[in-house]
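These notes open a run of structures that come right after.
Shared between the two complexes below is chain A, which has chain B as its partner in the first and chain C in the second.
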Partner chain A sequence: MNDQQNKHDAAEVVVLGGGAVGTAVAYYLARAGRNVALVELGEFPWGSSKRCDGHAVTYDSPPGYFSRLCKAGLDLFPEVAADLDVDFDFEPEGVGLLIDDERDLETARASIEGKRAEGIEVQFWDRAELRRREPGVADDVLACLNFASDAKLNPMRLAFGLARRAGAYGARLMPRTRVTGIETRDGAVAAVLTDRGRIASPVVIDACGVWAPLIGQMVGLTIPIRPRQGQILVSEKLRGLASQSYAEYGYLAAKGGRKRNGVTADMEAYGVALVAEPTEAGTVLFGSSRRYVGLDTSSHPGVLRAMAQRARRFFPRLAEARIIRCYAGLRPATPDGKPIISPTPVPGFFVAAGHEGNGIGLSLITGKLVAELLGGGPTSVDLAPLRLERFLEPPHAA
Partner chain B sequence: MSTYYDLCVIGAGPAGMSAAIRATRLGLSTLVAERQPGPGGQIFRSAESASPELLRLLGHDCARGRKLIRTFRACGAEFWPEATVWGLEPGAVYVSRGGRSRAVRAGHVLIATGAMERPVPVPGWTLPGVLGAGAADVLLKSSNLRPEGPVVLVGNGPLLVQSVHHLKALGVPVSALVTTGSNAAALRALPLAPAALLRPAYFAAKGALAARVLLGGAPRYSGARDIRITGRDGDFTVTFRTGGRVRSVQGATVLLHEGVVPETRATQLAGCRHDWHAKQRHWYAAADVWGRTSVTGVSVAGDCAGVLGADAAMARGRLAALNVCREAGRLSTARRDALGRADRLSLVRIRAAQRLLDTVFAVAPEVLLPADEAVVCRCEELTAGELRTLLAAGCASPDGLKAQSRAGMGPCQGRMCGQAVAEMIAQASGIPLEDLAPYRARMPLFPLSFDELAEMALPPL
Partner chain C sequence: MFTKAFPDSGKSVTLSFEGKAITVSADMTVAAAVLGHGAKHLRTTAKSGEERAPYCHMGVCFDCLMEIDGVPNQQACLRRVEEGMTVSRQRGVPDLARTEEK
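Now for the complex of A and B:
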């Protein structure tokens, strides 16, 4: 029996997952001329990429490998924006980290050089400068570390546009398709089984984010990704509240175990930290929270309250502004907070998932790296730190 | 800081009031939260304070509304008027009242949010002076405001017929009645006619209404399609196609009505299963005869569980309360069944009659498909044409289109555009509408300020 008899039932590569990462992988593969099928349970996008904010940033990592990866990812957006026929509102207008604790001033200043050495544009605004640029920020905020090239974009339109363009390059788009199994032959990937038929293929890319482990199970792999829920508040249209996005510097410090000023027990318990993103439409998105609550994407009033308190602390003018909608999404979190972009012990099965809060910003670089990886040549970024093996039991001696 | 009630009822219409009366009588501590300043719901709106003229006009409806409201006020249930429920989760309801929000813990939640006029976008429907016939009815009941005549009425459904009657009684001239229904629909309903005999009083009253409309002398057109409204407040032209001819009529005010649909955002937010009504083309909260939904601890009563009108709403409210009492250990199953027997029987009769109405006033699917130039999403000012461009680009679900277009992301959360969007997607994609999940309902169901959320009283962690 010949798998290639009907070309519609076969592909060189099947990408599973139509979020920002999966559509970017399909886009780069199709652009490189590969015969690729993109399978998604819902539409493009459907999972976390439809329930997130739209930041593509370098601010949230210390100088080093991951920071450079984020920078490489950010640098790809202008070229792809020009190639897509969907405008995804890419705006590299900067993201500022608001500093409200004297103890953070020195560490913040000290981090600048390392980031600048990576080509990242960082500015330190003292209190007067911050007041001048952003009168809506609370008076007692001491300074701002501004990552001037960090960007915002519309992630829903990004993934939609990537899928469309992948289709134009020849990718077969399969929305509303459920993966029911993966067929192997002699231990290697042979086909993807779906509720719309079998697709023979020697290569499968698991780009299913928080659902990636379910796909991994189909070939006996344990992929250590857990859903880490984040909630978002959407304000009414508020032109003039803030001229760009902001986050709180203290949260980076809090990751190191230090308690932030003015943080309630609720905020600690729910992992609440300010993120504010004025959208192109005029509404402002306010995050963030971090909780492990399974696949629950409902809103939780207690978490929302803590987030509103945090938002108001940095933007007092919000007091009377109205919240018109809330939603929640699931970050695909790995044990070390870095994605998995990797081959696996199952020949032909690759993972491109686990980007936690950086999936939008890292979507394009992930797509590019997977295309390079499948091309067999050297990759433009060393992928060793992102291999799945880092989480696997050491192999038994032969 | 939180408050506990055995039963929290959302909505003080006929269903919510009837449930509260029965529940308190059987010993449940009951809270009723209502968005409006007083109890009554849409049908008994302002019945307590109606002027003698209005009383004469509304007659029987108003009188029985006053009686129900009186009993409700005296029943011992805690009543919160002007209270907006914006969030729901198992065992708790989040209520905004007087600019402050709080969590109310409840052993059981009964959602009785009623129905709303079906928004049907046509070109010109957003012009000032064009409003829903039901909205005009509310203005009349609550503020004694009557529309400027002559009035053009456009659409379908029993309430439209009632509006003509009200306008005539108030001396407001009607220049035309333009219905989207057809005489054929009435013929299709004939086999169901014996069901009407089970509830003769109701049909005698409605039949007399319809007859008066026909005798009224205002021109009446049926089977209207491609309806467009142009002009401005006080001077509108309504054009439409019927029987292969394009016609136009003039009026100072245009009242639109294409039936009512269940108000399901609260039941959607609660995660209840919903069923699809094929003839009336809407979703309603699925429930058994006792109002039990697919979610433990959440019941429904009244039109949000399927449009059956006020008599049914009262019966369903009482039945739901009986079952909540049984679940709370106040009634045995046998006692519940015995106390509910009469209401269950009357519901069987009402449902049979409703099948007749649903057929006579069946909504024509093509009437619900907006013309390209019609504004569909009023919050984001998106036209049907703009949305169809995105549908052609690959969106095939309400939430998918919302993500790409922002339709449904505004302050009304898709209340106005959700149904038209679903109809357009079904038409463009060939996916049956009942297979398309509606917009996902999200907190807050009604906007609230950052201050109010930040200062909400909650029990400590």
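Now for the complex of A and C:
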């Protein structure tokens, strides 16, 4: 009987991928009254959204298009938090960038105005102010650039809550469902084939993160997303380490190639930079690392050691704390570091993936923009810089 | 159903639990020792301050956390009693600022 039913399944839009981005896309579409099916291989959430930290931030980009996109994404959280019936612990309590190099003080100060002009709240704490607010920070940290409205949240509860609310708005939730193919008719999307039957649909949204290229292949598209692994350490529940989240300014500054103070060869090799996030539960998450190791999500002792050393350099009290867990996840990275939110040369096939380390923070704005894109009207953010075409080879003249 | 965690040595040790001296078989875990002396709970929770006692006795549930010889958050079910040990309940979560002052 189920087979018989499934043969007649149809949807206006099928969203593939039940991470933060896919559930947000399904949520916004269902809220707009669209007949949506949300297909996920595992549960809600799956993939990178349950193997990440919980930052939704504006601090990690220079003023410009991407920074404004992150701000627009962050601004959507309070309204959605009020709409969901799952509390995802959204706390816009600020993320501070710790500065430990004299050479960074002036550039950090100079960067403030550009971010403020975008409506982003930034404060400069000198050493005395930082010590007063955060006595657990190492004595030789010179200053802090505090992004006062940057937020932390529980990404698993976010994606679970979005899926659940999408379901309440009428979306069909299909966990534990494997996509086996995409049927086209005259070159356009006609149906999604799964191990639970066929879903006739003229529109597919590929929100599969690092797995988005596998879906793209089903319609002959090359989607340039590579898994960029990141590892995380979790402390026991504790107090007195850090009162809010922090990251290191030097890593952003050193993207130009300059060597950071006190960085070992391992830290350089593994792309290690401090990120500290005290969670609502009382544990503290520590990152970060960046490696291209395929789809490997195993923890690597050398990376964990380098991350722990880097964290202790900024928070010496960590020496007294125990680490109770570690895990690794895969950031979906594109060649230019920006996501792909875009139609494709295949009519009806859209991509909403490639958010690298910003997938949680950009999840809601991605969902909103996809809903606007499918609505046919103008989008509230110009999507030209996020089009897939920017990566496609221009056709050679015959 | 219950057997001792360590082979029978026939010896006993004295330790301090919440400031009170207790003498127990040397072949026990700290958790078993304090439960055997009538303790109904070994820790209190971080948020609500509710009382908790060991559930699994095999290092998984973390409901047996105690401060042992000044070190917070020790799993009392995995530690063997030792002569002169100082044991107290873990109240909420450890405060690293306090640890630093010591």
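What we mean here is this: the second predicted complex is superposed on the first by the 387 of 398 C-alpha atoms of A that agree within 3 Å, B and C clash if a C-alpha of one lies under 4 Å from a C-alpha of the other, contacts with A are read in each partner's own complex, and residues count from 1 in each chain.
We take it that a residue touches a chain if its C-beta (ideal position, glycine included) is under 8 Å from a C-beta of that chain, and two chains touch if they have at least 3 such contacts.
On a predicted model such as this, the values are computed, not experimentally measured, just so you know.
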Here chain A is shared; do chain B and chain C fit on it together or clash?
-> clash
Using the superposition on chain A described above, determine whether A:265 touches chain B (first), chain C (second), both, or neither.
-> first
First (chain B), second (chain C), both or neither touched by A:282 | second
Once the structures are superposed on A, label A:327 by its partner contacts, choosing first (chain B), second (chain C), both or neither.
-> first
In this superposed model, does chain C or chain B come into contact with more residues of chain A?
-> B
Now for A:236: first (chain B), second (chain C), both, or neither, which partner does it touch?
-> both
Based on the superposed arrangement, let me know which partner A:135 touches: chain B (first), chain C (second), both, or neither?
-> second
Superposed model, chain B segment overlapping chain C, candidates 5-13, 59-67, 77-85 or 131-139 = 131-139
Doubly contacted residues of chain A, that is, touched by chain B and again by chain C | 236, 318, 320-322
Give every residue of chain A touching chain C within the complex, in rising order.
-> 135-136, 236-241, 282, 317-318, 320-322
Sites on chain C touched by chain A in the complex | 46-47, 73, 92-100
Touching chain B in the complex, chain A uses residues 42-46, 50, 86, 156-157, 160, 163-164, 173, 175-176, 233-236, 265-266, 269, 281, 283, 298-302, 304-305, 308-309, 311-312, 318-327
Chain B to chain A touching residues, read off their complex = 87, 89, 92, 94, 103, 271, 380, 393-397, 399-400, 403-404, 406, 409-411, 413, 442-444, 447-451, 453-454, 456, 458, 460-461
